[in-house]
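The data blocks that follow each hold one structure.
Both complexes below contain chain A, partnered by chain B and then by chain C.
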Partner chain A sequence: MKRYRKRISSVLYYVFAVLAIAFFGLPLLWLILTPFNSRASLAVEIPTAPTLDNFRAVFQNKFAVQALTQNNLIIAIGTMLGVTLIASLAAYALSRARIPGRNAMAYTLMLFSSVVTGTAAMVPIFLIIMGMGLIDQHLGVILVLIGGNLPTAIFMMRDFVDDIPASYEESAMISGASPFQIFKDVALPQVRPGMMVVAVWSFVNAWGAFLIPFILLRSSDKLPASTAIYSFYTEAGTPNILLVSAYALLYTLPVVVFYLLVNWKYGFRFFGGIKR
Partner chain B sequence: MEQRRPILTLKTGTFFLSPAIFFVILFLIVPFVWIIVVSFTNQSLTGATALNPEFVGLQNYLDLFNFDTWLTRGNFGSSMIITLEFVIGSAWIGQVVLGMGLAIAFYRRKGALREFVNTLVILCWIIPDVVVAFSWSAYLDRDYGTLNAILNLIGLGRPDWQLAFPLFAIILFNSWRGAAFSMLLFSSALATIPPSYLETAEVAGASFWQKQRDIILPLLRGHILTDMVLITLWTFNTFSPFLLTGGGPAFKTEVISIFTYRIAFKFFDFGMGGAIAVVAMVINFALALVYLLMLRKQAVYS
Partner chain C sequence: MASIVLKDLSKTFGKVVAVDQVNLTIQDGEFFALLGPSGCGKTTTLRMIAGLETPTSGTIFIGDQDMTNCNPRERDVAMVFQDYALYPHMTIEENVGYPLKVRRINQAERKQRVTDVSNNLGIGSLLERRPGQISGGQQQRAAVARAVVHHAQVFLFDEPLSNLDAKLRFESRGFLKHLQKELQITTVYVTHDQAEAMALADRIAIIDHGKVAQVGSPQEVYLRPQTVFVASFLGNPPMNLLPCKLDLAKRQVQINGSQIDVSQVSQINGIKTLVSEGENLSLGIRPEHISLYAEETAQAFPAELYVTQPLGSEVLVTLQVAETTVSVRLFTDEPPELPRRVWLKPDPKRILLYRTDGNLVA
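On to the complex of A and B.
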């Protein structure tokens, strides 16, 4: 009876795994195969004669290449560094100092963050960035993206900081280390996996950001790939499917590689599953 | 627990928090206040009301809640209903159920299959919006799309997803897109359950479903609540369906974020756009409040 039950559960496990692979994988097949085809189609076709011509044509488009190799990197790395550092400091403070109302604060911030990433805030954000003289500059985009991503990053980071025991920090405090030394040399090394999760998450968000760069940048040589991809449309407004898919694949690779790297070195997971 | 001296004094703590506070004030609080103020005016992009907006009191709100027309397609009430269906379908059913199913199925399992599925689900979550939109447009295409190719093969024909079932299409899309977060959250939550609980249950002869109902679900209740609040907020405010359907056809997929966008940036009616955002915020706030109360109640009982 027990062996019978075990076999059923193992069969169900494989059936579930196959269904999951189909559900999540099928929508991506087109993206992986089309760039290597010579004939444009919306159908998934395994290339009979795989070609790299589409990638060659994409590299002819200097404007789109610059978007990927420069603008996207500047925006994503700037946002990632800002979010990870500021969120770590803030989460540490919320976890280790007795700041009144800190739990409610974390939630109120989450609420506000969904406002700033929403469409309605685009007008005031445009006005603020204009007031700072940062329209059409990457710095303006980076600052807004940091603001929008911080609350969730603090929320996730707090979970990691709450999970590490304070005893090492206490001994460091007794031996006379300054609060910043304790943070940098004792606490940070222990929450590194958490910082990596936040880093990947904020990098991914900035890398894919569409609306904010679209509104805050003007010169076409400063736009990131999310908007530059539309330069592969014809003047009639129809996409050149082969080039769009080749560019989309190139645009996707960096986030995939970054994620795989972090997952391999640190493991990409939440610690206690975000308890509160 | 004994009361120990906190590692950071209130002063140092505030100092550590100050960069975050700066960003929060500048990019969250200021826009928030601006939206509330503007929602009581008739400010627009051009014309006389661009520079000298007039105070119109509750007019924008009265227009939104004009019960004669608000359920007509393309109006506020209709958009709210679409948003509700979208949140229930893609966040509560799609993402929570899928995420939890994946976490439970791969709990205490190792090996290449688990790693592969895990990575695949997370990739769906981290790929840029624009790319995902292109890939899904191809996937859902009536004549050539992969989905219809499969449905046709098993004799279900070729429905035109984006015309006939657009809301279902974006619900499917968003469940696919966001399931990873719930999976990650529930996986790490499951990892905190002591293995001895389940082993004892197994020795006692508990079935799979009994273990889920009596051990896993009660221990995960807090995590389920957290997960639901976070993804409800995100789903409520997501703009990505726009890249797939543009809110159409005939406003059928116009969730509240797309509705706001149309009013504020196509009609440049900032006052009305602000009013919609304020109502959306009030709803978000109410949801979060319900959640906090439920957490408090749970803490009292456990």
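On to the complex of A and C.
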């Protein structure tokens, strides 16, 4: 009896696992397979006669290509550099300085971050960027994205910095190192994995951002891919599924490559604010 | 090399007084231990000497120079941390050579000095490894090597042996003392282990709640503790403290119904000015200064046997005198057969008398 029950429960376990994988895996499979199809379909089907025509068609759309190869890169790299640099320094200060209520401060910042990039703050953000004269400029988008991502990034970063014993820096200080030497020789090598996590995370966030660039950018030659994807819709508003999926696949690739690169080089340790 | 003078040094963290009006003079070349229970302010004192903590008030002189508000790098001190603080991303060679690197000493000389020091400390074959790839004892030596590689004026140690096992701790003790005597560099050594402090230091300061309770050579603080706190902190087991009643005229104290003569106690003549007739005192006597008798004996008080523990070369006997627990150390390797009721006779020259406020009176 007991043995049967055990077997049944393990069968149920596998059924559930397969269902869960299918639920999350099928859309990805669709995304990978469809661009190589010659016929549009919403079903997952292995192409009988694989073709690259869809990609050729996508590359003919100058506007969409520029979005991907220029605008997206500018916005994502700009945001990534800003977030990683500022978050590292801020997290260091927040972790080392004896400020009363610094934990409360970190959590409050965290909460606010969802407001800054959320819909609620759109009007004030628009007005502020307009006041700064940065409407329809990539810098405006980058600044808003940096602001929105910073609190979470600081929070993640602080977890890494907290794990580094202060005695490393103190020991270097006593050895006679200057503040810059301490930063370069002792602190930086220690927080590098954390900086990589934050860099990838903020890059991905900025790469996929839709709302902020949609609102702050006007000229079609400045739009990133998330908005440029609409150029594959017909005038009547129906999407050309083949071209959209081909474009979407191209849109995903750099993120995957970037992740794999960092993972291979530094070994990913994603703690995301959770203490082990 | 330099002397260290602490004048009225205090440090408070919010409401916590970690260090309270400490005055100490540490001689040039001396091995000085700061000893005290957990949380008494030893580390804070050491960190103020290093410049990692700013004093709330008071002054610090290193080699006659006022260093109270100087940066750590201006003080020319070397410190070994409790967790060693070896940089995990550098090899042992880079770790040991780091103080030389930041002082811009050229690579050839750096390599030479690192190799010399490492060979001296027995870690010469480990230079290519990283801290995570060597044992705790080797890490400790690497940390010491990094401290001695540039010739600082002062060495600071914060419980450098507490992460080692008992055997290694014993070996390292000898090694550190030998090294200090060889280099003749003023050393401040923080520990909560009284045996370590006694074994290593030329002088010991016993700290209690941020205050210096007593300063002296290991012999002085062990044989004549100035307060009950010091008496009960030093020694393993610590000094026995027995409540007694003083008879000034007869120069006697009464313990558990027996009269014990105290006329041979040193400084007994000065006691008149400190205590009054019939006052309750504590009689302090070390476990090794008590003789044990199976029959009633003059100058001895009765006690109930509790347990005997043979420890190899000695036997530790624990007894009960009224409500007080008393330890006696017998230097014999044969556990004696003892009756339930025995008599204890303290060595009359070794007796100490403490007032109820904890201060030594004779």
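Heads up, the rule we're going with is that the second predicted complex is superposed on the first by the 241 of 276 C-alpha atoms of A that agree within 3 Å, B and C clash if a C-alpha of one lies under 4 Å from a C-alpha of the other, contacts with A are read in each partner's own complex, and residues count from 1 in each chain.
We adopt the following convention: a residue touches a chain if its C-beta (ideal position, glycine included) is under 8 Å from a C-beta of that chain, and two chains touch if they have at least 3 such contacts.
Since the structure is predicted, the reported quantities are computational estimates derived from the model, not experimental observations.
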item: Contacts of A:L28 with chain B and chain C, given as first, second, both or neither; value: first
item: Which superposed partner A:A121 touches (first chain B, second chain C, both, neither); value: first
item: Contacts of A:S226 with chain B and chain C, given as first, second, both or neither; value: first
item: Touching partner for A:G133 - first (chain B), second (chain C), both, neither; value: neither
item: Chain A: partner with more touched residues, chain B or chain C; value: B
item: First, second, both or neither for A:G148, with chain B first and chain C second; value: first
item: First (chain B), second (chain C), both or neither touched by A:A248; value: first
item: First, second, both or neither for A:G237, with chain B first and chain C second; value: neither
item: Which of chain B and chain C A:E170 touches, first, second, both or neither; value: both
item: Shared contact residues on chain A - chain B and chain C; value: 170, 173
item: Contact footprint of chain C on chain A as seen in their complex; value: 165, 167-168, 170-178, 181, 185-186, 189-190
item: Chain A residues touching chain B - in the complex, by the definition given at the top; value: 5, 9, 13, 16-17, 20-21, 23-31, 34, 41-44, 86-87, 89-90, 92-94, 96-99, 104, 107, 109-125, 127-128, 143-144, 146-148, 150-152, 154, 166, 169-170, 173, 179, 182-183, 200, 204, 207-208, 210-211, 225-226, 229, 239, 244-245, 248, 251-252, 255-256, 259-260, 263, 268-276
item: Chain C residues touching chain A - in the complex, by the definition given at the top; value: 50-52, 71-73, 75, 77-79, 81-83, 85, 87-89, 98-99, 102-103, 146, 150
item: Contact set on chain B toward chain A in their complex; value: 4, 6-10, 12-17, 19-20, 23-24, 26-32, 34-35, 38, 101-102, 105, 109, 113, 116-117, 119-124, 126-131, 134-139, 141, 143-147, 149-150, 176, 179, 184-192, 207-208, 222-223, 226-227, 230, 233-234, 236-237, 239, 243, 257-258, 260-261, 264-265, 270, 273-274, 276-277, 280-281, 284-285, 288, 292, 295
